[in-house]
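Labels A, B and C are assigned to the chains in the order they are written; within every chain, residues are numbered from 1.
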Amino acid sequence: MAVNHSVFDVKKCSKDMYALLKKLYPLTRSITGNGVRKTLDIIKEHIPITINEFTTGTKVFDWNIPKEWNVRDAYIKDPHGNKVVDFKKLNLHVVNYSVPVHKKLPLEELKKHLHTLPEHPQWTPYITSYYKEYWGFCLPHDQYKQLKPGDYEVLVDSSLEKGKLSYGEIFLQGHSREEILFSCYICHPSLCNDSLSGVVLLTFMAKFLKETKLRYSYRFLFIPETIGAIAWLSRNEKQAFKIKYGLISTCVGDEGCFTYKKTRSGNAELDRVVERVLIDAKAPFKTMDFNPANGSDERQFSSPGFNLAVGSLMRTPYGNYPEYHTSADNLDFISGTHLAESLEKYLEIAFTLESNRVYRNLNPKCEPRLGKRGFYRNLSSSDISLKESAVFWILNLSDGSSSLLDISFRSGIHFRVIKEVSDALVIAGLLRLKK
Amino acid sequence: MAVNHSVFDVKKCSKDMYALLKKLYPLTRSITGNGVRKTLDIIKEHIPITINEFTTGTKVFDWNIPKEWNVRDAYIKDPHGNKVVDFKKLNLHVVNYSVPVHKKLPLEELKKHLHTLPEHPQWTPYITSYYKEYWGFCLPHDQYKQLKPGDYEVLVDSSLEKGKLSYGEIFLQGHSREEILFSCYICHPSLCNDSLSGVVLLTFMAKFLKETKLRYSYRFLFIPETIGAIAWLSRNEKQAFKIKYGLISTCVGDEGCFTYKKTRSGNAELDRVVERVLIDAKAPFKTMDFNPANGSDERQFSSPGFNLAVGSLMRTPYGNYPEYHTSADNLDFISGTHLAESLEKYLEIAFTLESNRVYRNLNPKCEPRLGKRGFYRNLSSSDISLKESAVFWILNLSDGSSSLLDISFRSGIHFRVIKEVSDALVIAGLLRLKK
Amino acid sequence: MAVNHSVFDVKKCSKDMYALLKKLYPLTRSITGNGVRKTLDIIKEHIPITINEFTTGTKVFDWNIPKEWNVRDAYIKDPHGNKVVDFKKLNLHVVNYSVPVHKKLPLEELKKHLHTLPEHPQWTPYITSYYKEYWGFCLPHDQYKQLKPGDYEVLVDSSLEKGKLSYGEIFLQGHSREEILFSCYICHPSLCNDSLSGVVLLTFMAKFLKETKLRYSYRFLFIPETIGAIAWLSRNEKQAFKIKYGLISTCVGDEGCFTYKKTRSGNAELDRVVERVLIDAKAPFKTMDFNPANGSDERQFSSPGFNLAVGSLMRTPYGNYPEYHTSADNLDFISGTHLAESLEKYLEIAFTLESNRVYRNLNPKCEPRLGKRGFYRNLSSSDISLKESAVFWILNLSDGSSSLLDISFRSGIHFRVIKEVSDALVIAGLLRLKK
C-alpha cells in the first residue's frame, strides 16, 4: 500500500470532510435510536458499511442491550407559557435517555432536574443517564439564574422501549488475516470534536483504503461507545484475536497538536509506528500512557480477557479542552483543514504499518560497491546525502533482526526515505525481504 | 494484617518511645558486657525476647567471639589531683574496649591516648578499639587545649576476660514460613539516634505485630553490630534462607527526612514497597544505593554467601549529621514525635508487604457493569473519583501478572486505596486472589 | 599486562611520536602506490610488521583491487608560463587518483577540474576519485579567484596501472586465541590528524605491547581505508571471528577532548572499558553512537556478515573540525603531547581489558576479619580510605557474576584501585580468579 501524496488533495478532502460533519451534526444521536440509524445511512452514502443490530435485552458479557430511546420533542415553558428551553433548537438541552414526562412543577422542584456549567455560564452541558431512569434538562447557567419562581411546564416526549441497538461495520480484506481495527463512536448528539470528528475521519479513511491493495486486513467500526464495543466483542469473541492493532478515532478536528494515547503495554509496534509518523511530521506532539479509568473503547478492547493493542490518536484529548461535552464543541470549534491533516496522519500510520518489514542484506560481508550501482557519489568532495546515508544504515542493520522502523529510529532518518531506499536496494539486488 | 490507624495513638506512642530511650541512654553498652545484658532486660519488660549468648572464643565464620569487656570506673586526674575526665559523668569518655591501666604519665605521653574533635571543640567523640588492645580517653577539644604540662594519673578499671556475647531475639509466627527480618544494634553506649533509636522502634514494632494476625513470619534481632550479625548468621546458617526481606533500623529519631538505603540488588519487592510507602506519605525522601563499604549489618546479611535482600530505613543516615558518633547525639537530638512517625512508616511497610498480592479479574472480557454494583456514578455529569479510578485500574491490570503494588505504581494511586478497593471488589465477586 | 607509569615517559614519547609523524607527513600516499610502501618501510624501522600485497584485479567480496596509482609530477601553468599550482609543494594539490593529462585549455574549461573551499579561502581541500577516472586540482579559493582568463597548461604525470595494494600487519601472540584488533589507515597524503596520527599511535602502541606478557593476542593493521579493510577481511574471512574487540585509531593528535565512537551494539565490554578509562582520567569526554554512514573501517568490520565489536577512540572526530580534509590539518594542528596522551589512553584500555576478570570471594559468608590481615584500620576514629572501600566492594560483589569492571562502575572507584586491591586480596587468600 502506498498513499500517493499527489493524489491526496488536502483542500478537497478538507471541504468534503467538513461537509459530512456538518450534515451529521444536527442529528439526535444516542447509544440507540433513530438518530444512530440516520447517521449510519449517511455514512453508507460514502462507503458500503454493513448495518447490524442487537435486540434490547440481549446479554453481552456482563451487560444487557438497553431499551431503545427516541425523543420527538422536549421543552420547558415558564409560568407565562414561553418556551425557555427547547430541544428542537439544540438536542443537548435534554438529558440523553430522559424518560417521558409531562407536568407542571414549581421552580424549586424543577431545579433538581436542571444541569448547568457555572464556570462557562453561556454553554449548555451534555449529560447522559443511560442506566438509571431519569429525566432532566441542560441549559446555560446565565439563563438558569434568571428563571423566576412559579410553576413551569416540562415536556419530554420520548420513548424508552424494547428495540434495537444499531452499528455499522466495513471490512477490507488484505493479503494477511491479521487485522488493523479502526473504531469510532456514533452515540453523541450535537458535538463535533468529540465523537463526530472521528466518525468523519474513518469514513474517509475507509474510502481511501478500499481502493488500495493491502497487506493487512482492515476493519472499521461505527458503534455506540462502551455498550457498542462490548456488544461487538461479545458477537465476535472468537475472531477478535485476529486484531493485531487498533486505533480509536476521536477529537481529531480541533487545532491542538496531536496526542497519542498508547496501547496497554505501551511498547507495541503500533506505538512506535505512531510515534515515528508524528516525529517525521516535524511538529510538536504529545503522548499519554494507557489509562483504563479515562478513555474510550480501548478500555473494552484492552480489557484483560482480550488484551488487544489498541491506542488512540487524537488532537486535544477529551477532557483537556473546556468545550468538551458542551454546546461549545460545535461547528466553529473544528475545521476541515484539521480534519484533513488528521486523516493524513492516519493514512501515514497505515502506510507505515504496511511497509514495516524486515529485510536481509544479500551482500553482508563488508559494504558492496555502491558507486557503480549509482547509490553513492564518485568524488569525495560533496557531503553525504540523506539517501546515501539511508543506504548505509539499511545495509548495516538488515541482518534479519531489525525492521525498517527500527532502522528509521536508530538512524533518525524519515521512515518514508528508509522505505524508498529499501525498495531501490531490493531492485538493485542488494536486499531481500526476509521470509 | 492491618494497622488500624485509629488505634495507633501517635501521642502516646511518642511519649512511651521517648521514655524507653531515656531509660536506655545512660547504660554503658559495648559489643559484650553487662550494659548489653541490662539493655536486653529492659527490652524484655516490653516484649518477650529470648536472650541468648555466645562464649568467648567460639568460632563464627572467619571470626572468634571476643573477650567480654566491662568497665567499672575510668578517669584522668590532673597534676593537682582534680578529675578532669570522668567516665561516670559520660561513658563516651573512655575508648570502648579499653584495657585496664592505672599509672601516672606526663601530658605529652598521655596525649597519644586522647581523642578529640577539633571541628566541634565542645563535643566528645565516640571511639572503639575492639580488636586491638589499647586504652584511651575521649574529651572535648576545648578542654584538651587547656591541659597544662605535668604528670597525670589515668585509671581504666576495666576487665577484658573470657565471658559471653549476649543478644536478644523474638520470632512471630505468621501463616507463611517466609520471614521478614528487622534488626537493630545494641552495642553503642550513650548515643541516641545512632543505635538506640532503632532499638526502641523495633521494641514497639514487635509489640504491635505480636497482637496481629500475620501472613509472613517476623523476626526481630537485638544484636551487637557486625560481630553479632556474624554470630547470629553462623548459628542460623541453615535457616537464614527463609528471610525474604529485612530492614536494619537505626537513625530513626532525628528530624531529618526519611532516607531509604536499598537492598543489594536494588530491585527487590521490598525496595518498591518502601518507596511506595514514602511516596504515599507525600513528604520528600531520599534513597541511597546499597554500599558494602559504608553501612550496618546489611553488609553481613547481604554478603554474597547469604545474599539476603536487606535494606535500611533511616531518617538522616549515619555519617550524614555532624552529631554522629559524638556526645551531641544525645536526648536533645531526637524526639518522641520523630520516633513515632518512623514507627508508623515501618508498620506501613509491613502492612504493604502483607497486603501485596496478585488478583484475578473474574469478569475479564470487557468492563463489568459497575453502576448497578455501586462502584460507579449513574449520571455522566460528575468527575470520576479516586476510588472509581482505582476500580478500573485494578480490573484492567488484574490479569494474573500485576500485584497490587504494581497497580499502585502504574496508576499513581495510593496503595491503601488500591488495597481497600480490591477488598471491596473481592466481596462483590469481581476479583479473586490468585492461587 | 601492566603499563608501568614510571616507565611511560610522556616527554620522550611525545618527542618520538612527533618526529615519526613529521617524517611520514610529506609522503604522497594513496590507497595504493609507492607512498604507501615508503610509509610501511618507515613503520618497519620501529616495529617488525609484515608487509603484504594484493594484485590489481583480485576479487575481494563485491570489490576488485584497483589499479596502482603513482604520480611523479603535476602542475598548472598560467598563460604566462608561471606554475600557479605545484604538486611538488603540496601533494594535496592533485586530486588523488588523477589520471594522466597534459594539455592546454582555457580557464573556463579548466575550472571544471578545480576544487576549492570558499568558506576557508586560504586552505587547499583534499579530494579523491578512486573509482571514477578523472583528473583535477585543488587550490585555495583566494588563488582561484585571481586566475585570469587565458589558456592554461595542465600536467598530471601519473600512472594508473596493474600493480599492487600494500598493507602492513603485526600480530602479538598472547595467552588467549582471542584477539584485540587495532587498525589505522595509511592512505591519506599530507594530512596529520586524520589518518597519520593514528598510524603513529599504533606504531608506538605495538612497540610497547611487544615487550609485554599478554593475556589477549593483539593484531595491528596498517591498511588503506575501506578497500584495505575489505581486502584484509576477504583474505582472513575464516579467522576474523577471533577478533573479540577492535579500535580504529585516527584523529588522536589534536587538542580536543576525547571522543569515543561506540561499537555496533553499543554495549560491548569494550564500550564500558573505554568509558571507564575516560571517566578515571577525570577530564571531560564525549561518546558517539555507531554510525555506518559516517566512519572509517569499523563500517567493514561491523558489517552484518562479520559483526565485530569495533569502536574508535579519537580526540576531535573527522568532520567535526574545519581543518579536516584540508591543508590546514598539518603539523601545526597536532602536537606530540596530545599524541602521547592519546597513546596513554590506548594503553590504559589494553590494560583494563587484560585485567578485567571475574573473581570469587573465598570467604563469602559475612565479611572476613580484615583488620588482622592489614586491610582495615583498627581504631574507629579515622575515615575509611578508598582502598578499604574497594576491599568491601570487591568482596561483596565477587560472587562469580561481577567483573572488576562491573565493580569499578558500581562502586565508582577507579579501575586501577580495584585491580590493585583485588591482587592484594588474592595474595591474602581471600579471593580467587573464577575459572
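To be clear about the criterion, a residue touches a chain if its C-beta (ideal position, glycine included) is under 8 Å from a C-beta of that chain, and two chains touch if they have at least 3 such contacts.
What you are looking at is a predicted structure, and each value in this text was computed from that prediction instead of being measured.
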| item | value |
| --- | --- |
| Interface residue overlap between copies chain B and chain C, same or different (over half shared) | different |
| Rigid-body rotation angle, chain C and chain A, from Cα fit (steps of 5°) | 120 |
| Chain B and chain C: spacing of chain centres that average the CA atoms, whole Å | 55 |
| Junction residues of chain C, two or more chains touched | none |
| Chain A-facing residues of chain C, complex | 61-63, 115, 125-129, 131-132, 134, 226, 229-230, 233-234, 237, 264, 292-294, 299-300, 302-307, 325 |
| Residue numbers on chain A that touch chain C, as the complex places them | 361, 363-369, 371-372, 378-381, 384, 388-393, 395-399, 411 |
